[in-house]
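Each of the two complexes below includes chain A, the first together with chain B, the second together with chain C.
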Partner chain A sequence: MNFLGYLITGQFVAFFILALIVIASAILMLNFNKVMYMALAIGGVFVGVAGIFFLLNAEFIGIAQVLIYAGAITILMLFAIMLTHEKDGESNSKGWIHETASFVFVAILLAGLMYGIRTSTINWSPASDEPSAWPVGQNVEAVAASLFQTYTIPFEVVSVLLIVALVGAVVLARKEE
Partner chain B sequence: MVPYLNGYLYVVLFLLLGIALPVGALYLLGPLLRPNKPSAAKLSTYESGIEPVGEAQTRYNVRYYLFALLFVVFDVETLFLVPWAVSFKALGGFGLIEVFIFIFFLFIGLIYAWNKKVLEWK
Partner chain C sequence: MWNNVLHWVDQPFTSATYLGMLLGGVLTLAITLGAVTYTIYGERKIIGWMQGRVGPNRVGPFGLMQSIADILKLLIKEDIVPAKADKALFMIAPIITYVPAFAVLAVIPYTFHHYFTARLNIGVLYYIALSSISIIGIVLGGWASNNKYAIIGGLRSAAQMISYEIPLALSMLGVVLLSGSLDITRIIEVQQQNGLWNVFPQILGFIVFLIAATAELARAPFDLPEAESELVSGYFTEYSGFRFAFYMLSEYVYLIAMAGLAAALFLGGWTGPFGLGWGWFWYAIKSFLFIFLMFWLRATMPRARVDQLMGFAWKYLIPLAILNLLISAVEKLYWLKG
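This part shows the complex of A and B:
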């Protein structure tokens, strides 16, 4: 099926739905006045991004996105809010001058970006038709191969980084008590 | 590639069902089936049958945050172990040693947290 010169596939439709979820959640996050709602809206952004990863056949990254970002990070943010928050912030409406000015700025930015993209002379190499070393649906194995065989040292350093995060959190929380 | 992604249609189907079920039960079928007798007591917050006390938005104990952070750290650890478990045979002994070093470092972190009495609840 063709529409305005674009081939409409299920992937195409799914991408637009997911993009809509991501952008709508991001805008809601900026517009909510309650911090709690903001944290939940950013959870929506994470879930939408996970969907886009699935669409790109990157299941492992998609699951990681759901598990870590949509699950753990959002919960951590909610806890942080419940820990500190005293009152809901007041309305962040800054009047029409502010809004018009930001609209004009964003419009100019968009026009500049579009102009830059349309007139760019960078030769992007086209997507190759060669099958990759790892067939679709085997990207956990692909991740394992690069994580445990190619990038061994960075993988071990990750554990040190995790310890640093843990110790830092314990120290900060102890101080607060 | 397309037939592979088509498998996700089931996921979408389940997602839609999951949204449709509560919405249908609460807003479409519910009002038709249940009697409508609103009273002030029914609108109050349910707190296990006791009269609700105070506000819902209170300041939490910092200990909850520590538990949440410990959870995130070990969640990330689990995520790194999944690809190792999936291709355990292909990675062999070298992969096993790597993962043991990784777990050893995080075990030190757990011992540290234990020593600092993070896991205790006074």
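This part shows the complex of A and C:
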């Protein structure tokens, strides 16, 4: 099935659905008044981005995105919102001048971007047949090799840094007692 | 035509590939719903048998239609939203819980031929990552109900599931290390090649997995999120009708998915004794063993206390899981070189 010269595959349809999810969640996140809804909407953005990683054959990064951002960080935000005092429903309408001005600015930006993309002379070749450094279906192994063989020492140093940050946070939090 | 239906992902989008997608989804959903219906019936019958009762026996022969009648009743009930609840979140929270529960079934390899399931090279991680999204729906449901029992249940549930996810993932890591792959199908193939199920070299990991999985599924003795005697019924106290059915459904779908995972990771998946065929049959038996164990525990164990729960995960299960990882590394070096 062809549509405007593009071959419609399952991946093509999936890309547009995922892009719609990401954009719609991002816009909803900016427009909600309740913090709880915002946290949920940003969860939607994380899940959509993870889906796009999957389409790009970067399964490991996609699943790490779901595990860390969509799972852990969203729940952390929900907890933080629940346990702190919540001020609901402060409306933030800025008046018609502000809204018109932002609309015009966004329209100009979009037109500029479209012009730049359409007249660009860079050759965006679709998919090359050259073997990539990250072979499809084995990118977990590729990630592991670079983490534990090529960059072992930076990886260990970063993990020490993270532990120091964690302990530091605990010490700072306990100082009040 | 059949090639397009069965392998739809990379094909141009035609009516055949669309039919494949639709068939896969609908078939998996239908099989899951049927399995859940009779898991609930089986649970009531088995627990009744263990406690010297009869169990459901009125609707249909041997009470076989009991669960179907219950589900029908839930579906035609009025959809009640409490007046002080956060309406939008209250309505979508059960959906957020159910969608990942159904999505994790995509990587459970019920048969050797992957017709409607995915051979994903990160299958184990996919299961862990998606099941953590369900917690969002549970917390939001508890919060949106605007009810003290619901919010306590939701918070307990989140704390418990996040804590027990760590020993669960660590216990699977031993299996991943032995097989050298995160792909569930590959893990089964390695067990087939070695002629040895992972339960034997991974017995400590299997025990940690069973305990952490029980807690992750919030089943007795770790059913604190919905402890009837203290929290009414936890995070879904305010729910009724089909939204309540969604929460129950996702709980049982996770039970089935976890049983599938246990069978694949530790019990050799579709491989049967004497090289007999019928992969799905052996898979069903192994999954049923896990499910039966869960029923057995529920019928016999008292509920753990809430203050013991977190300490147990962090002080005992996680060190044990790390020890198991060490043992797996030694085994990989000197015994199962694979």
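Worth pointing out:
Keep in mind that, in the parts below, the second predicted complex is superposed on the first by the 154 of 177 C-alpha atoms of A that agree within 3 Å, B and C clash if a C-alpha of one lies under 4 Å from a C-alpha of the other, contacts with A are read in each partner's own complex, and residues count from 1 in each chain.
In the analysis below, a residue touches a chain if its C-beta (ideal position, glycine included) is under 8 Å from a C-beta of that chain, and two chains touch if they have at least 3 such contacts.
A quick note: this is a predicted structure, and the numbers were derived from the prediction, not measured.
When the two structures are aligned on the shared chain, A:143 is found in touch with chain B, with no touch to chain C.
Residue contacts after overlaying the shared chain place A:37 against chain C, while chain B stays out of touching range.
Shared-chain residue A:152: touches chain B; no touch with chain C. Touch criterion met: A:160 reaches chain B, while chain C stays clear of it. Of the two partner chains, both chain B and chain C are touched by A:75. In the superposition on chain A, no contact is made by A:118 with either chain B or chain C.
Note on chain A: of its two partners chain C and chain B, the one contacting more of its residues is B. In the superposed model, A:12 lies in contact with chain C only, and not with chain B.
In the superposition on chain A, contact of A:169 is made with chain B only, not with chain C.
Within chain A, the residues touching chain B in one complex and chain C in the other are 9-11, 60, 64, 67, 71-72, 75, 79, 82, 137, 140. Those residues of chain C that touch chain A in the complex are listed here as 8-14, 17, 21, 86, 88-89, 120-122, 125-126, 128-130, 132-133, 135-136, 139-140, 143, 151, 155, 158, 162, 182. Here chain B touches chain A in the complex through residues 1-2, 4-6, 8-9, 57, 59-60, 62-66, 68-73, 75-77, 79-80, 82-84, 86-87, 90-91, 94-95, 98-99, 101-103, 105-106, 108-109, 112-113, 116, 118, going by the rule given at the top.
Residues 9-11, 54-55, 57, 60, 64, 67-68, 71-73, 75-76, 79-80, 82-86, 136-137, 140-141, 143-145, 147-149, 152, 155-156, 158-160, 162-163, 165-167, 169-170, 173-174, 176-177 of chain A are the ones touching chain B in the complex. By the touch criterion given at the top, residues 1, 7-13, 36-37, 40, 43, 47, 59-60, 63-64, 66-67, 70-72, 74-75, 78-79, 82, 137-140 of chain A touch chain C in their complex.
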